[in-house]
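Look at the two complexes coming up: subunit A is in both, with subunit B in one and subunit C in the other.
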Partner chain A sequence: MSLLRKVATLSLASTALLTGVFGSAALAGKSDNTIRFAYDQAPESVDPYFNNVRIGVIIGQHVWDTLVYRDPNTNEYKGQLATAWRQIDDRTLEFDLRQGVKFHNGEEFDADDVVYTMNFISKPENKVVTQANVSWVEKAEKLDKYKVRITTKQPFPAAIEYLSGPVVIHPNEYYEKVGPKGQNDKPVGSGPYKVTNYVPGKSITLEKNPDYFKDSPKPQPKIAKIDIRFIPDRQTQMAEAISGGVDFIMHVPKDQAEQLEAVPTLQVVSGETMRIVFMQMNTLENTPAPALRDERVRKAIIHAIDRESMVKSIVGAGSRVLNTICFPSQFGCTDEGATKYAYDPAKSKELLKEAGFANGLELDIVAYRERNQTEALIGYLQAVGIKTNLRFLQYAAMRESIAAGKANLTHQTWGSFSVNDTSAATSNYFGFRSEDITRDPQVRDLLTKGDTSIDPEVRKASYREALKIIADKAYAVPLYSLPVYYVATSDLTFKAYPDEMPRFWEMSWK
Partner chain B sequence: MIGYILKRLGLALLVALAVSAIAFFLLRLSGDIAMAIAGEGAREEDLAIIRQTYGLDRPLIIQYADWLWQTLKGNFGTSIYFKTEVSKLVLDKLPTTILLGFLALGFALLISIPLGVLAAVYPNTWIDRLALAIAVVGQALPNFFFALILVMIFSISLRWLPVSGSATWLHFVMPTIALGYYVAPAFMRLIRAGMIEVLSADYIRTARAKGLPAGKIVFKHALRNAVVPVVALTAVQLGFLLGGSVVIETIFALDGLGYLAYQSITYKDFPVMQIIVLLLSVVYVLLTLASDIANAWLDPRIRVA
Partner chain C sequence: MTDIALSVPTIPEPSPTMRLVRRFLGQKAFVIGAGILAVIVALAILAPLLAPHDPYTQNLALRNVPPFWYQKGSWLHPLGTDQLGRDYLSRVLYGARISLLIGVSVVLISGIIGTTLGLLAGYFGGKVDMAVTFLVTTRLSMPVILVALAVVAMVGGSLWVVILVLGLLKWDRFAVVMRSATQQVRSLDYVAAAEAAGASTTRIIVREVLPNIVPHLIVVATLEAASAILLEAALSFLGLGVQPPLPSWGLMISEAKAYMFFSFWLIAIPGSALALLIFAINLAGDGLRDVISPEGRA
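Let's turn to the complex of A and B:
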């Protein structure tokens, strides 16, 4: 099936080239100032607290605003619904709120909205889908009409990062009246775009909010309308792009994006994302692969893999080789002082020999996406005498096997929910959570210190030390970051960011 | 005849029940549903809440019995993903799928009857070979591949038809062809075989001897008789069309039951998945039953067997 599909893809692109009937349809988007955007997955709910998919995040950031805005170019925090904020003590933050902001239904924004939203999401019984995004909130209090205090359960230095991302502010009067279901049926936010039509599972239309507040760090939108359609089939999306039926698609696989580069009405833009790729190695006491408890075997595995070549030939433009288990832009992420392992199959074989595996070794590997990359990893391991049996699973099944301690090697990826802080990455795999199959208490303690200390220098030092131990003891194989490919009509001006967020509010026509 | 119908009906019920059980348990074998719902990054506490909410912490057999009982009562449950009643979701999407099914069936008959007749009237000529070639290609080409070829020709090269969506009748043209072409060969071969048999029958020779015009003999006297088994096959093929629409609707982003089935699989929306599998199998079983009964009614010999 996949081979046939590849043939079909190739033919799609070559037909487009041969026929040479471009130009007419591609102008449709520009002429009515509408971006027609096709995405493969429909969100379960438009309310950002009740979905955990990328398209949900994209819609959320267009329809709603957050207290703080992180400038994607400089990673600097700017006031959005808040104008200023200060740390009162380890667990308390105080915010001055912006005046004169209105929600799409005319409701005025003030402290009540912030207090209501924060208190709503902090209660587990309200079942916010991604608890990790909100479970740090203890409560919020109103000091006056434009001043609030937010208390965290523990000292939580990454609070500002979360408040600039997943934690959007709902209009309290409306939300109280309609609840999450009503907010999904007829969404109301304060963002640069408002929802004007929504057919669950099929399409959603966003229109420019003409009353969007002038001082927002998100610029006033230039594109009048974003027409989002859910098209599950990749080839159909590509055909739509080639024939001018849609203006914007993303997550296009590398080989297919390269085909589309030849189509003159389209532009292909690739960029790095925060999604990191790595291999875990089960070193638990009852590991089904005791060989992995030997540091030499683990080092042999890292030395066996040519990450540079993988990035160049199969991962794609925008990707970079990583040396630690976090994304470089995340606060606290560094490979300073950490052991770096070069591609050295001879050394790898030598290490295996030392460890008593001169005649080779057999291991299982579980994986769930980018199968071609898993296959490359298997090839590299085979070359030094490590035979691996691939178990390619659904994400849920893979997690289950890892959490049960049954995995040997894993081919993992992690997107950190686009949170630009190491606490959202490394701690998930080395902080004794269910997927931690290393369980080094020293690493855990350092990570906890990093996650909960307020002093940025203390945090940086703790993360640096934890990441160094993980690298020195070769607990995991850091591989590379994943790129994302966008294909858009060539007359659209836009920029790709690592958080995989197309920002339609700053796009324009050439 | 009544006894025969009751026997077939009982058998059909058992098949539907077996399918429901297989669908239910296969789904549970595919991995921890709670984890699938929770998605990337869920903690143990989240999983516990989900298991409790959806009753996934109970023994499997109890879950199955409960589900079956609720379903029989007409309570199809709530979609985990879209958070709406499964019955409402299914009813919303059903018309598109039924429309597509009948359009595709119509298309299949429209090309298979003339081709089948032509092949029978001119057996072993180039016309017959051409009809055979069309049939073989139709059976051999996976429908998703054929659909992409259609897209290449009609949307990308010629720009006559929109690629995907369901806004206008133009959006239904390619899905109808892609789906209909898939079932056409079976009809075509059946009509050809039936026609060849009928055309060599005595009463046709008599009609010819009477000096009736050739067209009248073929279409009035012969085709009427040859088309009888096609009626029975139609019922079964309609079931195939419903199954095939999962792929076709997904490719063309047609908002029907097949697309919903695909979405529910992708989003691990097991209440929706179970109902769709059950619904499709019940429809298929009913259609097969109808065709069995029709056959028995037409041919008394079958009733004994």
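Let's turn to the complex of A and C:
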């Protein structure tokens, strides 16, 4: 009976909300110059090196700084903690560092911080979560107090892109003392906002850093406080947004965002993001789903899914169908020459029959977000005779199950840490890293060549070849890019960027 | 003489069956409950004939169509469509099958386990009774929903896993009621008579005791069926029960949750269906108890 009661209460509550609260709220944020931001996942750690969820990236860019900054409007690289840099040889970059920058705890920023951070993250035993972001670093050395050299293991053309994104600089004295655990308990960076209160799994409060250095390409923040609450339930987030309890939510599903547009106190802003959606298929030697080792089955799966319709109807504005596992704006990403699979359920059934599954087959699918899209995928697979068991998990649990080789099919999304280079996308899933569940050495070698060659043409050719093999052998199902819908209080001025990064430091009130 | 004989009105003696039928019909609660239940069962069985569409066919071009009484609705999809464009009426009809299947199968499994244990404990008493009582206590100390969640999370959810888990967990009430009912019957004269006549233990349990506790069994079964259906809905709502795209009412409520603010019918329709079914089963069960138990007889 408890379920019924819950349903009854909920529907009553929603009616009350709709009739009572419209129009009365939303002044709270502006009046105390605070943005209340609700997000559905909590990071495993606030330290940007020890989580790989979007909210971690968002907090990372607000609390910490990077050596280089990529202007999201022009994609131009600007000096942030570095003022100038030059390529010394194929594997060496030299940086002049900014003087007079202070971390939130008063520690002065200098070459030691850069050297310590780079050397710390480059060591595999320190277990940075996304190795792709850091494994290219060999070492860093101090030339003088404001000059460092960073050496890469191999020629690594995308280095500046990484140094402007996920590779933040930690204060060396503090970090040495407290380590990643302490940096999570009491985070200290040099960014435009500092953490003033953090309750793991529940909320984190960022306050404007009044001493933020004036020459930073990130403008001085205007909003005094960002109150981030982790609210896993989308309905609660929406209720809070309607009633003015939160000022900013993101990743709102298309249908709900369209409905919220009707609420006068709210505005809906959307745009395409770099986040790609795809399905992985476990073809490893010891795969729990041996059927997936058959190329025909994999092709049948791709043919079964009507990506065009999904994009048009349930994914939303700004999304596009992909044919390769990377985002089109990323350097080296292309679908030239790659096999494209049209929606063709008849052919799909045909292929399954050829492969000996005329009576259908049963597969597990793991997923962690956009459940309505997962269910559409399941519906399409069901229509050609593939029954699925859905395991809808938290991201960390899903990643673990993939890394352990236990997954069959995955409904995966990847935002590349907003790095505009194919090395941040394709290589992460096909370069023999933990979540690679296809492991084709030929693909790996091509990707490595692309990741480590200096000549842009060589890079492009290697990525093209790798992406072509992935598509031709149907190692994964490329689906579409994801749009992001932000719903915010109508008096906030902000812009949606394709890197899925709300930049609170440049937001202001109308 | 003949005149007088004719003038005596003959009162026909009703047969025992007729008396039972009348007693049932006298119970309004039972009539209403059983009536609704019969309709739902009929709808479920005839779903393939009645459903206007295939409940699995998704049509992304026709998503979130409201029911017919809205301006944008149409009779093509009387109750509208869900977020993947599947016909809602068809899914609700097929959902009844899942709920009833769960209710009946769980009661079958748990009923067999519970009744066997209860009969043994009640009939033999002593050590057997102690062992069964211990089992029941152990079982009662485990919260059903928690154990079910844990098991389903470990082995993965599917219709049969849910049925098995609930069936293997929900036998406690059967065991308790059957045990005390058997204890009562055990001391009655006809059991003693059967023993004196040299009937075997099995024969006494199956032929003398069991038929006389069946009424209790039926009442417990209705209660348990209702609770199993609710538990399945709860598990599916949490994403750990029946797998999509199967049209389980709990799953439909869970999927509709995202649309609650602006399209309440998506959650209200399967919710009411579920409420109605549970209501009907409980009403029928209650009425049945009143009809069967001597205290309830007028």
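Criterion: the second predicted complex is superposed on the first by the 321 of 510 C-alpha atoms of A that agree within 3 Å, B and C clash if a C-alpha of one lies under 4 Å from a C-alpha of the other, contacts with A are read in each partner's own complex, and residues count from 1 in each chain.
Keep in mind that, in the parts below, a residue touches a chain if its C-beta (ideal position, glycine included) is under 8 Å from a C-beta of that chain, and two chains touch if they have at least 3 such contacts.
Being a predicted model, the structure only gives us computed values, none of them experimental.
Of the two partner chains, neither subunit B nor subunit C is touched by A:Gly106. Judged by the touch definition given at the top, the superposed model places A:Arg391 against subunit C, while subunit B stays out of reach. Looking at the superposed arrangement, the partner reaching more residues of subunit A, out of subunit B and subunit C, is B.
By the touch criterion defined above, A:Pro264 lies against neither subunit B nor subunit C after alignment on the C-alpha atoms of chain A. Using the contact criterion defined above for the overlaid structures, shared-chain residue A:Gln235 touches subunit B and also reaches subunit C. In the superposed model, A:Gly337 makes contact with neither subunit B nor subunit C. Of the two partner chains, subunit B is the only one touched by A:Thr130; subunit C is not. Touch criterion met: A:Gly379 reaches subunit C, while subunit B stays clear of it.
Contacts of A:Ser309 after superposition on the shared chain: subunit C is touched, whereas subunit B is not. Looking at subunit A, you'll find residues 1, 4, 8, 11, 15, 235, 239, 242 touch subunit B in one structure and subunit C in the other.
Those residues of subunit A whose C-beta lies close enough to touch subunit B in the complex are 1, 4-5, 8, 11-12, 15-16, 19, 21, 24-25, 41-42, 44-45, 50, 52, 124, 127, 129-132, 181, 184, 199-202, 229-233, 235-236, 239-240, 242-243, 245, 393-397, 399-400, 414-415, 417, 428, 433-434.
By the touch criterion stated above, subunit B contacts subunit A in their complex at residues 30-33, 35-36, 39-46, 49, 81-84, 142, 144-145, 148-149, 151-152, 155-157, 159, 162-165, 250-253, 255, 259-260, 262-263, 266-268.
Residues 56-58, 60-61, 63-64, 83-86, 156-158, 230, 233-234, 237, 239, 243-245, 250, 253, 255, 257-262, 264, 267-268, 271, 274-275, 278 of subunit C are the ones that touch subunit A when the two sit in their complex.
Subunit A meets subunit C in the complex at residues 1-4, 7-8, 10-11, 14-15, 17-18, 234-235, 238-239, 242, 253, 255-256, 259, 306, 309-310, 312-314, 364, 372, 375-376, 378-380, 382-383, 388-392.
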